[in-house]
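The structure's right below; bear with me while I get my questions together.
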Amino acid sequence: MTSTEHTADLSIYTRRESEARSYCRSFPTSFVSARNARMTDADGREYIDFLAGCSSLNYGHNDPDMKQAVIEHLAADGIGHALDFHTGPKQAFLETFERLILEPRGMDHKVMMVGPTGTNAVEAAMKLARKTTGRENIVAFTNGFHGMTLGALAATGNAGKRNGAGMALSGVTRLPYEGAFGEGVDTLAQIEAMLENPSSGLDHPAAFLLEPVQGEGGLNAVSAEWLRGLDRIAKKHGILLILDDIQAGCGRTGTFFSFEEMGVEPDMIPLAKSLSGMGLPFACLLLKPELDVWKPAEHNGTFRGNTHAFITARVALEKFWADDAFSKEIKEKAEILNHRLSAIAGMIPEARVKGRGMMQGVDVGSGELAEAICADCFKAGLIIETSGAHDEVVKVLCPLTIERETLTQGLDILEAAVAARVAGQAPKMAAE
Amino acid sequence: MTSTEHTADLSIYTRRESEARSYCRSFPTSFVSARNARMTDADGREYIDFLAGCSSLNYGHNDPDMKQAVIEHLAADGIGHALDFHTGPKQAFLETFERLILEPRGMDHKVMMVGPTGTNAVEAAMKLARKTTGRENIVAFTNGFHGMTLGALAATGNAGKRNGAGMALSGVTRLPYEGAFGEGVDTLAQIEAMLENPSSGLDHPAAFLLEPVQGEGGLNAVSAEWLRGLDRIAKKHGILLILDDIQAGCGRTGTFFSFEEMGVEPDMIPLAKSLSGMGLPFACLLLKPELDVWKPAEHNGTFRGNTHAFITARVALEKFWADDAFSKEIKEKAEILNHRLSAIAGMIPEARVKGRGMMQGVDVGSGELAEAICADCFKAGLIIETSGAHDEVVKVLCPLTIERETLTQGLDILEAAVAARVAGQAPKMAAE
Amino acid sequence: MTSTEHTADLSIYTRRESEARSYCRSFPTSFVSARNARMTDADGREYIDFLAGCSSLNYGHNDPDMKQAVIEHLAADGIGHALDFHTGPKQAFLETFERLILEPRGMDHKVMMVGPTGTNAVEAAMKLARKTTGRENIVAFTNGFHGMTLGALAATGNAGKRNGAGMALSGVTRLPYEGAFGEGVDTLAQIEAMLENPSSGLDHPAAFLLEPVQGEGGLNAVSAEWLRGLDRIAKKHGILLILDDIQAGCGRTGTFFSFEEMGVEPDMIPLAKSLSGMGLPFACLLLKPELDVWKPAEHNGTFRGNTHAFITARVALEKFWADDAFSKEIKEKAEILNHRLSAIAGMIPEARVKGRGMMQGVDVGSGELAEAICADCFKAGLIIETSGAHDEVVKVLCPLTIERETLTQGLDILEAAVAARVAGQAPKMAAE
Amino acid sequence: MTSTEHTADLSIYTRRESEARSYCRSFPTSFVSARNARMTDADGREYIDFLAGCSSLNYGHNDPDMKQAVIEHLAADGIGHALDFHTGPKQAFLETFERLILEPRGMDHKVMMVGPTGTNAVEAAMKLARKTTGRENIVAFTNGFHGMTLGALAATGNAGKRNGAGMALSGVTRLPYEGAFGEGVDTLAQIEAMLENPSSGLDHPAAFLLEPVQGEGGLNAVSAEWLRGLDRIAKKHGILLILDDIQAGCGRTGTFFSFEEMGVEPDMIPLAKSLSGMGLPFACLLLKPELDVWKPAEHNGTFRGNTHAFITARVALEKFWADDAFSKEIKEKAEILNHRLSAIAGMIPEARVKGRGMMQGVDVGSGELAEAICADCFKAGLIIETSGAHDEVVKVLCPLTIERETLTQGLDILEAAVAARVAGQAPKMAAE
C-alpha cells in the first residue's frame, strides 16, 4: 500500500495525538492527494481548498514543475539535509532571489536562513532589533500574530495563545493598529503622542513589528498612508521597522511583498509559509545589511536551510516572478473575489468585506455564524476557515493559482452556505 | 542544469547571506550530492561525513527506501503540506511510532506535532510544564543546549547564544549537571539541598530540563545512577522531568531513546533532528497523557506535521526499529569508535574520550587544537566538528549506518590529523 | 551650637553627597528652621513655602500640637522604634483613624503598616493585587508616578526615572489617563476596547493603579465621571482599583481622600507623605478586608510603624478632621488659588490652570519658562517647583494651613515673576 | 492621657490592622516606654530587649543625648521634613560621618540619601550596579535577605517572602554562600567555575550582593578568607561588590562596618537600621565616587533625608565612634555572649553557636524548639526572636550598650528556658 492509498482510521489521533491538534477537528476526514486547489480524501471525495495551508500554498498543491525538480534531485542523490553548508540548490535559490526579487525592487537586504518556521524568523528579527539598538522594548500591535515561541508569542495578541505560555510575556508593548479603536480615532497620532511624552511610560522601542495585513487577526489591512506615517515616525525616532510578511507575502496581496507599493522600505522582513513554493518548511529573514551584526552561529538551528525547499522555492520564483504576469493574474482574481464577497456580505446585516488582494473575507458579525458557515461549506466540499479575534471573519485564502472556474465554484458553495444560514437552514451537502 | 550539476560560485553568500551562517565557513566548498556517509562537492571531491547534520542524518544521506517512498508520494500527487489535517502519511507514522517505539517500551506518551524545529518542541514542553504546574521556574543545567527561540534559549547555557537575545532571559534557573564541578562534587546533593532549603532562593521549579548526553555542551553524559537520582528528586518534589533527546535520541546512543536503559520515565521528551529519518524538518514532543491539557491550537504552527517527513520517518522506523538488529549494530560500532578514540586520546597529553554510543569524541584540551584538527581533517576529506564550552571536543557524529570500512577510513584521517598536529605539522591533503 | 544655629558650608555636599541629590540644586541655601508656611535659612532669610515637602507638610512645618506631643513622648522615654509591636501610640492612631476617617466614610478597609515610604505602600498593593487575582499584569497610566523601587517604578511613567533601573521593567501595561490624547479622545472607550478584544494583547490585569490627581505628572486630574467609568469597567472585568493617594490625599484636594466625593470605593489606597502630619516618614496601605490574605510578615520591614509618626498622625486627625471646618477652609483657599492662578495664566499665551483643590498650578507651555519662573521666585523668597512630563507646570503645593495673607504674598511673588518673564526680564530680588 | 499612659485594648489590631503584622503576635502585650535595653508594657511589666528592633537599636532605646538633641531641635522649630534640601542637621551629619567613619577608614565613598528603608538602599545599589555595568544579572546568595520591594526581594532567598510578590522575580542569580553545602564543599570554587565556563548559563553579573553576616538567614558569617576570595573573583571579572551591612553594620559585630577587618573594600554599602542611632527611619547607600553617575533625582523619594534622624545619627557617631572605646566594649560583651551561648548550646544535642560579635545565637536544630524557647523567654521577661531558614536559630540581638548585668540577666532567662525545654517542661513565668 502506498502512502496515497489508505484506509482512514482516525482512532490513532484520539489515542496518541495531543489535544493541541486543531484544523483536523474542523475537517474530520483523512486526505490523500491534492493538486493545485483541489484535495481528495480517503473516500475519494474532492474538496476545493480555500485555506491553502494558511497561505503556505500560494502556488497550489503539488505544482508539477516544483515537484519534478525535487523528484529529480532525490533520484540523483542530490544533497539533502545540509545544515548551512554551501550547496548547489542554496546558491541557486539565493542567486534567483537576488535577481528576481531583491534587485528589481532596489532592495539591498541580506537573507538570513533561520529555522524553518515563521516564528523563528520573527524571533531572529526581534533579537537583532534588540541587539543593534540596545533597547529591549518592541512595539507590536493589537490583533497581531507572530508565532508561538516565547519571544514571538510576546508579540502575538491572541489571549488563548498567550495563555499557553504559562508565564508572563515580557519585552513587548502593544499599540493600536490602524482602525483598532474605530474609524474616527487616529491611532498614528496616539503612537506619536506616546513616543513624544517622556512620562508616557512607553520605553523607547527597538522596533515596530507588524503585519501589513493581519491574517489571523481578522484581515485588517493598513493603508499605505498609515504605514508611511508609521515609517516616518520610526525614522524620526530611530526605531526599526519590521514587516512580518509571513502570511501576506509571496504574492498573496498581488505583489511579491504585501507592502511593496506603499512607499516604505522595512529594515527587516520575516518570510515563511509560501516561500518554498510547495509548502515545504522554509523561513528566512530579510535584513538591511547594516543590521547584519550577527556573529557566526549566534542564532543557529539544525534545519535552517532546507535543501529541497531551496529547489522548489527557486522554481517558484522562476515560474511566477520572472515577469508581472502572475501579479496581474492575482489582481484580476482579487477583483472577482471582492465582487463576489461584497455580494455575500450584502446578504448579512452589518457584514462587511475585509482584507486586500487574495486575502479577503467577510466579517459576518459573530464567530458562531462564521463557524457554522465554514462547517456547512465543508459538507459541501469546500475547505474554508475563520479568522479574527472572535473568529468572526470567513477568510478566503485559496491558492493564487486557482483556476477561475474553481474559484467560482468555491464561491458558489460559500454563497449558498451563507444564503442557507441567513434563511435559517443548513445547505444541502454536495454529496447528497 | 539540474540541481546536482552546478558550478560553485560562493560570492552570493558573502553578498547576500547573513553573517549568521556558520558551518559553511569551516567547510568552504559547495556540496552537490550525498549517500549514506559520503558527500560529494561541486568539484567531484568526496568527503566522509562525521557530522551527519549534527545527528540529523543518523540513517545516512538519501536512504534509498525513504527516498523512494517520497518520490512515489510526490509522483502520485500525494498530499503535501497539510497543516495538522488527518492524512494517510500522518496516520501511518503515528500507528508505526506507537507500534514500534511506544508500545514495546511501555510508554503511554502522546505525540504533539510542533513546528519542525527542536527549539519548538522544547518551547512546547516548557510551556506545558509551566501551565500544568502553575510555576514559572524551570531548572536547566550547565552546558545544556536547547534552542535559539527565546524560551528555549533561556535554558541554553552558551553565553554567545544567550547574548544573541539582546535582552535578559528569564524563567530558568541553572543547576550543575553531573560532574560540572569535577569528580569529587556530588551535584545531586547540591540540587537537593537547594530544593530543601526554603531560603535558598530557588523558586520551586516546574520541571528539570536536560539532555541525557549533552551534544553541544561537550559530550557530557549523565550516569544512570545520577539520572535516577534526579528522577527521584523530581518525583519527591512534584517536579516534571523533561529529557531533551533531540540530538542523543533516534538511536544515536544505541537505543531509540538515549535514556531507555536507565530506569527513568520522563514526563516529556522533545524529539527532532533524525526523527524524519532523512533529514527533513520534523519535530515532536512526547508527553504523558495526564499532561495533555492543551486546548486545540493553543500551541500551533503552520509547518507542524510535515507530510513528507511522516513518510520517511515511518520508513525509518520500519527499516531500523522493527527488531533489535540495528541497536546491536550501533553498539558494535560504538565499541570500535571508543577503541579508536581512546588510542587517539592517548596521543595527546591529558586528552580524554567523552560521550556514549555513537556520540563520542575526544577532549583535546583546547578549542584551538580541536579546530585545527578538524580543519586538517577537512583538507583530508573528512567532515568533522568540535563541541564543548571552549570547542575543545572533537566530536564524531557519523551516520549510524556508516559502513565499517568508511568508519575506519574516517578514523584513520582523524588519527593522522591528530598525529600530525601532535608532531607539530599539518597532515598532507588527500587531494595532493 | 545647636542644630538650628549653624554656618552653612555647602562643600560637604559636592564632596560627599551623591549626584542624585536634586531639590537642593534648585534652592541653593541651607535651611535651619520653619513654622507653618515659612522657612528660614542660615542667613536668617525667610521663604514662603509653596512646595511643602511635595505635599508632605499639608499641616505646615512644626505644628505646635504635634511637636508638643512628640516632645512629651520623648521626654517620658516613651517607646520609640518598636518594629510592629503593639504600642500605645499605635493603638491610639488606629482607633482615631477608624473613628475619624474610616467609619464616617463607611469604609471597612484595614490598615497595613508598610515601610515608611510611599513606594513601599505601592509595592505592597501591587503584590497583593497579583497574589489575590493570580494575574501579573497591572495597568498603570500615562504620566503616573508611583515610586522608585523596582515594582513601583514599573508603574511610573517618567523615562528618566525608568532609565535609572538599568534593566527592563515588567509586569505593567500602560493605558491612557483621561485626556492623554487630547480633549476629543475618549480614553475610557479605548481601555474598554482593549479589555474586550481577546486579541488586543492586553493580558487581563490584576488591577488599575492610578492617582486621582497626578502630582508629578503635571497636575492632571480625572473627572468624577471618568473615574466612575473606570470603576465600572474594573467591577465588570474583576479588576481591582488601586487609588494612589500619596500626594493628593490627606486633605490636599479639600477632602481627606482625593476621590471621596466621586462615587467610587477603591480596593486599595496607598497613603504616605502628609499622613504623619508633621513630615515624619510614615506610609500605610488601606485595603479591603477580603483582600487581606497576607501571612504574618509576608511583606515586612524594620521601620513599618514609626511610633513618633503615630503620635503626630493622631494629633493631626484630631485637630483637623474631627469636623468639616478644615475641609471648608481648604476649599475656600482653593478658590482663591484658582482665581489668582487663572489671572496669572491669562498673562501667558496658551497657558492654563491645571489641578484641583490646593493642588493647582499653571501650565506655562515649556519647562524652560517654568523653571525660570521658579528660579526667579526663589530669589524673591518663594519656594516653588515645577511638575509635568516636560516640567512645564508651575505647581502650588503650599501647606493647607497657610495663612491667607501668606498665600497672597506668595502668589504676589509668583505673579510678579511671571509678569517680569513675560515682559522679558527677571524680577528684582526681594533682598535688593 | 499622654501617649505613655494608656490602657491596652488589642481589639483594634484584629479589627483594623492587616494580617501582615507579625512580631506583635509573638509578644502579645502593648509597650509604652523603654530605655536602653529595657522595655515596659501597659501593665508596668518590664522586659529585657534581646531583639533591639532587629538591630535598629544598637545604642539602646531613647539614648538621652540623642533624645535631648531632637527635643531641642523640635522646641526651636528646627527644620523638620526637608526633602533633600541642604539643612544644618544634614550638613553636620555628613561632616561627622566623613570625619569619624569614612576618613579614618580611608574610604572615599559618597553618601546617597535614599528612602528611609533598607530595601530602598539595596534597590539603589542594584540599579546603579546595572546602570554602570550595562548588565542585568546580579548574584545574590543562598539565605540572603535584602528587602521586600520587588528589586530587593528578587535578591532575598526566603520562599515565603518571595511568594508574596505574586509574580516571578527576575534579574538575580543565586549562588551558594560560604558553607551552604556543608563544610567540605568549596563554594568559592564553584562560583569561579560558573563564571569561567562560558556555557554555564550564568550571565556575567553586574555585582555580587551579600551580607557579611546573614541576620535573617540564620547568623551565617563569611570568613575573611572567603570574602577576600570573592572580592578577588569580583575584581578579576569586573564585578561590583555590594556588602549589605544593614543589619550587621553600625557596630553590631564590633567594628562600625562588619567587614572592616577583612581586607576588602566594597563598591557599595547599603546602611539602615541603627544608622540613625535611635531607631528613626533612615537609610543611605555608600558608593565609590566613580560609580556616582546618578542624574539629579534619578532615584528620588520624599523622605530621603530624615532631618531628625540626621541629628540623632550625628550624636551617635560623636558619642560612640570618636574613639575605639565602644568597639572594645562590644568585643568584650561579645566574648561574654559567646561563652554563655556555648554553654547553652552544650545543653542541646547537636546545637551550635553561630554568628559573630553581638550577632550570635544558637542553632537549636528545629524551628519548633527555637520558637518554644523564645515564647518561654517572653513569659519570663525577655524579648528574643528566631532566625534561619527554618527559624531554627535563637538569635541574640541586644543593644550593644546593654549593661553587663542586664545582659547576664537576659542570658540567665534564656538558659533557664532552654534548660526547662530540654528537661521537658516550660519555665516558670517571671511574674509568678
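Labels for the chains are A, B, C and D, by order of writing; each one numbers its residues from 1.
The working rule: a contact is a pair of C-beta atoms (placed from the backbone, for glycine too) under 8 Å apart; a residue touches a chain by one contact, two chains touch by 3 or more.
Predicted model only: the values in this text are computed from it and were never measured.
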item	value
Between the pairs A-D and C-D, the one where more C-beta pairs touch	C-D
Maximum centroid distance from subunit D, chain identifier (CA atoms)	A
Subunit B and subunit D, separation of their C-alpha mean positions in angstrom	50
Whole-Å gap separating subunit A and subunit B, where each centre is the average of the chain's CA atoms	30
Distance between chain centroids, defined by C-alpha means - subunit A, subunit D (Å)	59
Between subunit D and subunit C, distance of the C-alpha-averaged centres to the nearest whole Å	30
Interface hub residues of subunit B, defined as touching at least two other chains	136, 160, 167-168, 170-171
Subunit A-touching residues of subunit C, taken from the complex the two chains share	136-137, 140-145, 156-160, 162, 168-174, 176, 180-181, 185, 189-190, 193-194, 197-204, 216-218, 388-390
Contacting residues of subunit A [partner subunit D, same complex]	167-168
Partner subunit A, residues of subunit B touching it in the complex	2-6, 8-10, 12-13, 15-25, 27-35, 39, 42, 51, 53-54, 56-57, 61-62, 67, 69-89, 91-92, 94-95, 97-98, 102, 110-113, 115-120, 123-124, 126-132, 134, 136, 147-152, 154, 160-161, 163-168, 170-171, 206, 272-273, 278-281, 285, 287, 292-303, 306, 308, 311
